[in-house]
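In the part that follows, the structures are each spelled out as structure tokens.
First subunit A sits with subunit B, and in the next complex the same chain sits with subunit C.
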Partner chain A sequence: MSAPTIPAPRTGYQRSTAKGSNFELAAWLFMRLSGVLLVILIFGHLIVNMWLGDGVHQIDFAFVAGKWASPFWQIWDLLMLWLAMLHGTNGVRTVILDYAERPATRMTLQVVLYIASLVVVVLGTLVIFTFDPCIAGADFQFCPA
Partner chain B sequence: MAENTQAAEPASKIDLPASVGGEAGGIPSFQVTAKIARFDPERDSEPHWEEYRVEMHGTDRVLDVLHKIKWEIDGSLSFRRSCAHGVCGSDAMRINGRNRLACKSLLKDFQKNPTDPVEITVEAIKGLPLEKDLIVDMEPFFQSYREIMPFLITSGQEPTKERVQSQADRAIFDDTTKCILCASCTTSCPVFWTDGQYFGPAAIVNAHRFIFDSRDEGGDMRLEVLNDREGVWRCRTTFNCTDACPRGIQVTKAIAEVKQALLTRTLA
Partner chain C sequence: MAKASTGTLYRGREGMWSWVAHRVTGVGIFFFLLVHVLDTALVRVSPEAYNAVIDTYKTPFMAFGEVILVAAIAFHAFNGLRVIAVDFFKGGPANQKKLFWGAMVLWLVIMVAFLWRHIPNSLGGAF
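Up next is the complex of A and B:
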């Protein structure tokens, strides 16, 4: 008869098995770098849109159409969209990991977060690249009559 | 049985004239109300507060309050203490909402005037499984500590004399050699409270002590351990650990140095 095995009073804490992954390091570094870039991009955006020229009163369809006619502002806005969305998504991811205790809650909240971010990023990118200033009612000289 | 009629030994065996001794320079005494979180695993499902009133002196510490309660009022009160002088790190507890060592917390630091009544709340440190009253299961804490390999790792022949180190090299990790493993920092960390999977400040501090030791060769392995999902990257720099450390270790700074070492190792 073998000796009875006495179970450990508490199961030990299990570490993640994904060794050698630099994902968390990259995420941490990305937050710092994108943060610095976003300060420049967002303040540039605010100054050009709301301060120079007629200030907030200049913003209308024509103003946006005029900006997006230039590749410079397309790339500016694209960068701002991507960096802000990835920065924000990673921030909310860390908040979920810090505050959600049950694995199922964590998983659910993260799935919702990633789907929402993906929709915004895809939709935003699509708008920037397929923007057509010549919609009904737009009165620009380059639009076909 | 004979009644014990022996008089208490006087404080001083020399008769002091009233003009010399007296109240001047005497130690003030005051009333202490101690609210202590009690938990008996055989009866309670959750800890509850119990109040004790004791007369204490200006030279007493929170640990003396606990002793007085345990020895004179309620012997069932359980807490850990060993050296009682801030060296062993056994009596870390949450006193008035902050993690401190009971043996290093003077009662007079909780009052404005020397004779004011003092109110203290004492509970077990948070984030570790509660066993009884002020005693928690330290196993998860020490498991993290073991995982970062807190011992000298070298290669090659053992030297025939001591391993020489310059004073400048020693100074790099001097701060983190002071750790007494009381768990005040780790159990004050909000990230650790969530699920207890985070390595915690204490493990990182003790890894730092060897990573930056010029005589040690296991730094790379320890950095690899702390590059984990639950490693240094979960630190949110709330500085709770630095505030809690009874040894005054700049814990958050040490964690930042480990982060920096990981970054330079990966990117350079």
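Up next is the complex of A and C:
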């Protein structure tokens, strides 16, 4: 067993040569880029749904059908769903890693978070792409009776 | 979470409290988002199911909840832009307090504009 080596005085700081993952840098940058886009997407969402027209009272099945008849709002909502879920999942991941100290707790909370996020993203995406304005119960004039 | 016996690095004031509020609003918005995707998913069940659930958002109690939600979103949005300004712009760190109060002014403007529409909208015929 070799004796531990003591570096010579004034060696200075040696940057580690081990190439780690850049994941945390990418996550940090993603939070800022997605944040800017989400300000636009969510403020637009709130203005159209909650501020213009009758505000919250205008929202019903017909209102959603009217919006999703346009690819513009489909893409808007899809982008908002994905960016908000990734931004929120990474934010909650940061909070878990900051406060949960036991390895088992950290692991369990993260697994629950990732499963919940995956389910919501997949469900939301399917809803946007498979939306059917003429689903049973819808009474639009263009729907076959 | 202070476990050190000799004090902590927490310094209070605008910097720390905006960080705390950013976390609290962020986690709150995330949990609302989970619920909001699920309630919207009811458009794939039936118009009746969707309308029944969305109608609960139109009650005075939920109208109050929507005020809290929009307040949280506007805070998180403007403070988030402040964080970006602090991280990416040369004078950012030195001016973080001014940026914080600037964000609070924008927050107030948004809240006044929102309440001006939302109170009559959500209280229906009362106005």
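The definition used in the following text is that the second predicted complex is superposed on the first by the 126 of 145 C-alpha atoms of A that agree within 3 Å, B and C clash if a C-alpha of one lies under 4 Å from a C-alpha of the other, contacts with A are read in each partner's own complex, and residues count from 1 in each chain.
Note that contacts are C-beta pairs under 8 Å (C-beta built on N, C-alpha and C of every residue); 3 or more make two chains touch, one makes a residue touch a chain.
Just so you know, these numbers come straight off a predicted model, no measurement behind them.
Colleague: Taking the superposition on A as described, I'd like to know which of subunit B and subunit C A:71 touches: first, second, both or neither.
Modeller: After superposing on A, A:71 lies clear of both subunit B and subunit C.
Colleague: Could you figure out whether subunit B or subunit C reaches more residues of subunit A?
Modeller: C
Colleague: Now for A:99: first (subunit B), second (subunit C), both, or neither, which partner does it touch?
Modeller: both
Colleague: Kindly classify A:25 by the partners it touches after superposition: subunit B alone (first), subunit C alone (second), both, or neither?
Modeller: After superposing on A, A:25 lies in contact with subunit B but is clear of subunit C.
Colleague: Check whether A:144 is in contact with subunit B, with subunit C, with both or with neither, and answer first, second, both or neither.
Modeller: So A:144 meets neither subunit B nor subunit C here.
Colleague: Jot down the residues of subunit A that show up as touching in both complexes, subunit B in one and subunit C in the other.
Modeller: Touching subunit B and subunit C on subunit A: residues 99.
Colleague: Flag every residue of subunit A that touches subunit C in the complex, lowest number first.
Modeller: Against subunit C, the touching part of subunit A is residues 32, 35-36, 38-39, 42-43, 46, 50-51, 54-57, 59-62, 64-65, 81, 84-85, 88-89, 91-92, 95, 99, 116, 120, 123-124, 126-127, 130-132, 135-139.
Colleague: Report the residues of subunit C in contact with subunit A in the complex, numbered from low to high.
Modeller: Residues in contact with subunit A: 1, 23, 26-27, 29-30, 33-34, 37-38, 40-41, 43-44, 46-48, 50-51, 54, 57-58, 63, 66, 70, 73, 77, 80-81, 83-84, 87-88, 113-114, 117-118, 121-122, 124.
Colleague: Spell out the part of subunit B that touches subunit A in their complex, as residue ranges.
Modeller: 129, 137, 139-140, 143-144, 147, 190-191, 194-197, 224, 227-231, 233-234, 236, 259, 262-263, 266
Colleague: Please output the residues of subunit A touching subunit B within their complex, sorted ascending.
Modeller: Subunit A residues touching subunit B: 10, 12-13, 15-16, 18-25, 27-29, 94, 97-99, 101.
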